[in-house]
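Multiple structures follow.
Both complexes below contain chain A, partnered by chain B and then by chain C.
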Partner chain A sequence: MTAFRPFTWVGSTLAIALVFAFFTSTQETPADFRYVNSSGVHTLDPARMSWSQDFRVALNIWEGLTTSDPRTTQAQAGAAMFPPQLSSDQLTYTFTIREDARWSNGDPVLASDYIRGWRRGMEPGTGTDYTFLFTDNVAGASEYVHWRQRATGALTAMDRLRHGWDIDEQAALSLSRHPIFHDIQPHLPPSFFTDFDRDQGVALAKQLSASTLDWGDLYQRTFDQHVAKMDQRFSTVGLEAADDKTLVVRLLRPCPYFLDLTSFPSFLPCHASVELLRESVAGLTPEGLVVYDPQWTKPGCRKNGYPGLITNGPYYVSDWKFKRRLRMSANPFHRAFDTISSRTIDMLVYENTSVALMAYEAGEVDFLPGMDVPYDHEIAKLAQTGQRPDFHICKTFATYFMSFNCIDKRIEDRPNPFIDARVRRAFALAVDKNAIVNAVLQRGDLVAHTFIPPDALQGYHSSSGIQMDVAKAKQLLDEAGYPDGNNLPAVTLLYVPSDERVCQALARMWETNLGATVELRCQETKSFAEDKANHRFMIARGNWYGDYYDPTTFLDCFNTGNGNNDSGYSNEAYDKLLNRARNTANTTQRLSLLAQAERIIVEKDFPIIPLLHYSSPIAIKPYVSGLYPNPRLRFPFRYVSVDR
Partner chain B sequence: MQSGAADNLVHTRQSRWSRFRANRLAMVSLFVFASVLLIVLTTLPWTTRWYNIQSLDSAVRAAPMISPVVTFEAYGVALNPSEVSGWPKLSRLMWQTTSWMGHDDLGRSLFHRILPATLLSLIIGGCAAFIAVVVGSTWGAAAALLGGRADAVMMRMVDVLYSLPYILMVILMKVAITRPLTSLLDGHAMLAQLIILIVAIGGVSWLTLARVVRGQVLSLRTQPFVEAARANGAGVFYLLRRHILPNVAGPIVIYATLVIPQAILQESFLSFLGIGVQQPIPSLGRLAADGVEAVNAFVGFWWLIAYPCGALVVTLIALNFIGDGLRDAIDPKSAQETLL
Partner chain C sequence: MIRHLTRRLTWAMVTLIAVYVITFFMVVMVPGQPFQQSDRNMPIEVERALRAQYSMDNNWLYFWEFLGGAVKLDFGPSFTYNDWTCTQIVAHALPISATIGILAILFAVLVGVPLGVISASRRNTWLDVSIVSGVLIGISLPTFVTGAALLAVFTVAWPILPIGGWGTLQHLPLPVITLSLPFIAYICRLTRMAMLDALSSDYIRTAIAKGVSPHDVLWTHALKVAFLPVLSYVGPATAQAVTGSFVVEKVFGVPGMGQHFVNAALNADAGLIMSTVLVFSVSLISLNFVIDVLYAWLDPRIIMAY
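Coming up: the complex of A and B.
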């Protein structure tokens, strides 16, 4: 029909070859075991991570001094002999690291590697949300971190000043708290003294920005002094490498859950090669911070002769395609290498959980660690009735609740009625939790009357909490000056889209039972988090997952001034009980003090209404063994074997 | 001359109506739309009080059936006896319809939610169309009549607004005026949200109309009868009132009927994205969004998606056909063709 055209032939051959090449290049050998991570890895830096998805990867590629049992998640042997030696005053742990503990490049794991990892967890600049785990528990850590923070604050301010830049009141105040300020003060007008409040900080910032002091010299002096003292100061922290393989940890106070903590990602070790990626002079930035190139967690990073991420766990990261896939391969130097049956593990990223479920159904994926889909009630039903034996329910160590704003301030130009504990109590009494759990959600969650999940902690007995009582609620509201909900300002309920159903049901309960007007405010997660952290809400949803097996992981949330205390709740009696428990060595006595503290929250003051303890559905293909549903959703993959 | 012109007007009106009546599709649509409006309005006394009655028991996600799965007493809780003393029978009748379209995931009657949702969608559509007509025709006519630099500036503003994605504009408007408007309305956040939604949708719908009207006015301005009137010393307002607006009225009416379904769709879309009407107030888009979540590979709650979408489709199609019928009836071009 048409003449022979050489270009058509060449072109189409090329095109076919290209298409072929494209598809063959993306065809990769499937991993032995594949699981889904809904949002990709945020960071693989153990000192910075706070998302459970990241924890899951970290705990498989690193190994702490202890690890957790795959069934019970109780502490078990890790890189160190188990159990470690504990001194008679319960304050000093001596960990002996196994002779056969090795990094993924063959180097032996040393006590100093753990000290390096832990130090990263507490240093300002590298450590973030979980610094308190060190400062609350390890002797001297709090003082060291405080000293470092004060110095970095002052150095940051002086660094700006020596460049001739203005500073803000925050920087001025941190400079005023540093000893070097004694040298600066004589050069300021006499009205300036120590202990400045915020307004004076503004004035001080102006004064300092305008002054003609030799900031370069002052800065350099402070910086040199600080660097010279740093290692000496760190030696006062209760961490000591008695020899290559012996780590001695001195605690601030007896900590019955310390061996559980050492399996937590913040307490993972760090290989010495990371020092190659330490940035700038003398290992410190001009602000005095210890900063590493964030690329250090990449397996392919080769800067400054860095060999790529080296880990000591049963796996190492062999390939990481950001937001798509992370492949872990068995660490040939790990002592359990011969027993690891799944040699390669793929963490696949599916942003949409429904799509992830489809992939699971299609056999593309072997394990879903969460099924947070809008129709999770159907999933739960299938799991409970046994129609889908591969769907399992994990009773989690977590609580879902509504928090009240307890701070006396106007919200959206309305007075906040919840500063009155009677109003909070009335709202709590008017909620039909059974209806929420059994009719609205239908996921088989556990109705919560307490903050701490019952029977999760050995020897700890929560109080019984309260039962729904509308008459009592009305009476309390009447006493508080709002008979039948009159005079009560419109109450706003802040939540994220996934809480839609629960919050609508709650609003209706408060409207019919108490006569309140409830306005629903659904926000996307980011602005919700911001409004909540800044106490711009009346009632807001909240949840808390226990980080370690101790009541304090929950109860610390309502300590006055705690970073997670979004309610702004403050009760002297409560703080005192927690403090007394902190200094009590006797376990029974300590737990009973903590139970008393919990009773204040769930029976008297109600900064929150506990609604339920999550039951989280997971899906494990029937041909997978070695994965166990557990309350903390910790899944060590080295025990997993797949028999397709 | 005067009476002759009036006669002519009456004549064209009659022929327009007869032409509309001849369009069977448009007439059926008009009938459907009128009945929807009638049902929605007459049931308002019940639906406004019943749309959020939740029964957290066996009614949760109950499938559609003829006899209600909730008791009258359960509904009676929300009935104010003094208010309905005259109509308990009507209330009972209305309650009979509770389960016709099934129940949603909080045990609420889907039928009693779809009714006010349709009305809300129509209100939003109508108000947005009104804003679009007023702003758009004023802007377009003013630009055309002022001419010159003013025309250029005004139309470039329209072009700039056109080039911005409307979702972004709606979100920006929401962010900018939610707080001041809420405090202005004495904390009535729901009302404030509704107003913002209407203003936002109306605010992005007038652009096309402004262009259409400007074009029409520009061409009318040079017509002999306008020039003759101007030569006789007619002022701008006289020209507008007497010659230009009556001639542009056709396109404006047609466009307005087409803006209503567009605005309803936009509202549905915004509510679907979660930036429209706040819960528990139902709108068709909101209901459809809730329904989509309930449809899955394991168990399908088809009524949660089918009925809201059905209501949306029926309303939209009816309005579109009415708009088409009006265009055919009023459009001067097609009118000329039939006259010749």
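Coming up: the complex of A and C.
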């Protein structure tokens, strides 16, 4: 063998040179404006979005009936005339879509495109986190969504049964809540069933799994009936296209922030071509879900004659390389096209936030909408002292807190002391929030005494909350039967790795100030989410980002039975106040009722201890204009101009 | 030879199936559901329906459906990145990692082997000592340190290369060199030891006695035997390099496979976990297989052992 002779080296070198040559041929021209999104886009489907980095792209490529002002993020004109007509009872909005509103392929934007988009936001499985924005506000939406959800629950269970598989109690309970159960019940052994608890659910699941009913027939009947009724049921939702350009929205109750909502991604329109990618027989999967081929958000998707993603915003997606780069180009059919200075925008992905910052420093990118680096306290200092005028601090509309389990009497093997509000209050009083914000984190966050960030909402008067008071805390513990922390069971504190320092500090405060024993339990995020949702915690970390400019975006979390009420908190007075506010048209009165409700949770009951309101540093190159730091981190790029 | 290869191939299949079975059960057993990626809770009916839609409420069915898809290279949807299928994600990431990996291994062999040979032939000289200590440093220093150091030198102190990302020629050198450093060190050490062994053997003495030039003795006669351990190391090393290094990719912002190994697990993204593991296993097993064949060709005595 003659390996490793000089010519072999030459050959290998040539091979490498070839690879290099291949690469140089794929050079990409840089965009007019470049920004970083450290983890990339999770989805471009507005109905499924949950993350602000996804919202940011969506709000640039689509346009809602309203949009948000780049400085104040207050609602301003969008694809519809502004302001829309509002009926005297404040329940009916009539939006007139602009004559010049066009999709990126030139089609006119129609009222039905908005209905299509909104319907996707309501459909179970298609709409995810923000279905509640419709069910809470649009007339008939709640009934429609629950009707759909009940049906998917029952169809899923029967689909399993007709295949001869056993079902569990959860599926059995879902089935028992559907009208078809009236046909099933007579065939089951006569017994106690009207409304089921968990144990009865187990028994029911066994009976159903063992029964000899003709599940195939029952399933098909339910499925056919459901499909036949779907459109008719949807027509009862308060959305109507009076003509091509007129959208009439009937609300459940007066909603002072509705025009803010219509600028939110869930309320974006959807082009008719999406229907080409609807998967499933008769429009539904066997489980009763409406499913679209997830490829519909790709500019290059050509399945079934689909023309690729069509949007109606100032930009359209011209190229999307997974986890690498998403390029937006100005939409030539948009009315503002001539005024758009940055014609191409690159969203670049750097998994490592430090690398993103280095790229910014090197001038490879122009804008960092977040700087979540390990040395964030240094960044905060640079921004606050004015040493780096291009670093800005955004006081976000968000709160970081610890929540208590207020409902379960026992957790694992021990009693839960936090069902007693006095104990929760004592724990809240014993926390030195200033130390956490200024000594532990040092990121320049705002100490939180309330759940809703103060001064964020016009006309809303926040409570001043409570100040640290160890003596009072001890007294409360004493009253609750735990003098000096005696008899107090060991308290578990559940959190995710990023909370490590805060939770250690908290544990220390509770141990020294109250004599409590605190067990720290750090979990990776998925296990954490599961344990928290199933109430397997005593104290757990939490945070909440307001979605729209109204106190209810925060306060609804503690409504009895709200899906995000992980504390299991329930207070009749609180629920009543929220309910009264819902039916109060007068803004001042309404806000004062909501402020009263907030006082219940931050002065008296403490389902949570608010710790801080996040301050989020962003970096904007001095040569960029048209970007403004704002609490919702919304950045419309059509106003951005770059003068390098 | 055929018998040898058939035997290896069978074992490769068995290994692959075992990997799938074990990964599958680990994925099924981990807590947390993949459909909800945010902090908000999902209605139970909807979660159940989604689970059913992907056959995830019936492990046995899911096991076969995923396997059936995987055989056709269809790994199903990713639950973290709703708009992408796992196949698309792997198809985006694997070529990137492979380019870096192959170049890194090539670079490591081209640098590591000569270093090893030189070091062995100049045993106990200052050259040998400095190579050996350099290698020790190369093995001990983690890539996130060397990567960061290279970044500091070539992008900040002397800005001739871009900081991170992918798409141009300039994006290649830093990750390739960083990834290759530990491989260089290891290959150099292997070569050195094997060369020392070979140089003291009888056939080399014979070759020298027959008047073969020192250059040929070193680079042809001795290296041919000494290269075998390097070859057996290069196989798995290539698989490891090709499927991406989480650290190197993270440091240089390279959108390769490495990040998915970690993120998929953290997000409980079942399909993505299994597809990354399967892709890794297939590359590892097939590269080992290729190495086996090469080995048998370089040293026929190996087949005799079977």
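As a working rule, the second predicted complex is superposed on the first by the 542 of 644 C-alpha atoms of A that agree within 3 Å, B and C clash if a C-alpha of one lies under 4 Å from a C-alpha of the other, contacts with A are read in each partner's own complex, and residues count from 1 in each chain.
By our rule, a residue touches a chain if its C-beta (ideal position, glycine included) is under 8 Å from a C-beta of that chain, and two chains touch if they have at least 3 such contacts.
The structure presented is a predicted model; accordingly, all values stated were derived computationally and were not measured.
When the two complexes are overlaid on their common chain A, residue A:T128 makes contact with chain C while staying clear of chain B.
When both complexes are overlaid on chain A, the residue A:A573 reaches neither chain B nor chain C.
Within the superposed three-chain model, A:M358 lies in touch with chain B and with chain C [touch as defined at top]. A simple residue count on chain A separates chain B from chain C, and the partner touching more is C. Shared-chain residue A:T43: touches chain C; no touch with chain B. Contact with neither chain B nor chain C is seen for A:A242 once the two complexes are overlaid on the shared chain. Applying the stated contact rule after C-alpha superposition, one finds that A:A171 touches chain C and leaves chain B untouched.
Judged by the touch definition given at the top, the superposed model places A:E519 against chain B, while chain C stays out of reach.
On chain A, the patch touched by chain B and the patch touched by chain C overlap at residues 358, 524.
Chain A makes touch with chain B in their complex at residues 354, 357-358, 361, 373-375, 378-379, 382, 412-414, 432, 435-436, 439-440, 442, 489-490, 492, 497, 500-501, 503-505, 507-508, 512, 519-522, 524.
Residue ranges on chain B touching chain A, taken from their complex, read 52, 54, 56-57, 60, 77-78, 105-107, 182-183, 187, 189-190, 274, 278-280, 290, 293-294, 296-299. The touching residues of chain A, counted against chain C in their complex, run 1-5, 9, 12, 15-16, 19-20, 23-24, 26-28, 40, 42-45, 48, 50-51, 124-125, 128-129, 149-150, 152-153, 155-157, 159-160, 165, 170-171, 174, 285-289, 291, 294-295, 297-298, 321-325, 348-352, 355-356, 358-359, 362, 364, 524-527, 529-531, 533, 542-544, 563-564, 566.
The touching residues of chain C, when paired with chain A in their complex, are 30-33, 35-46, 48-50, 52-53, 57-58, 77, 80-85, 88-89, 92-93, 99, 103, 106-107, 110, 113, 151, 155-156, 159, 162-169, 171-172, 219-220, 223-224, 227, 249-253, 255, 259, 266-268, 298.
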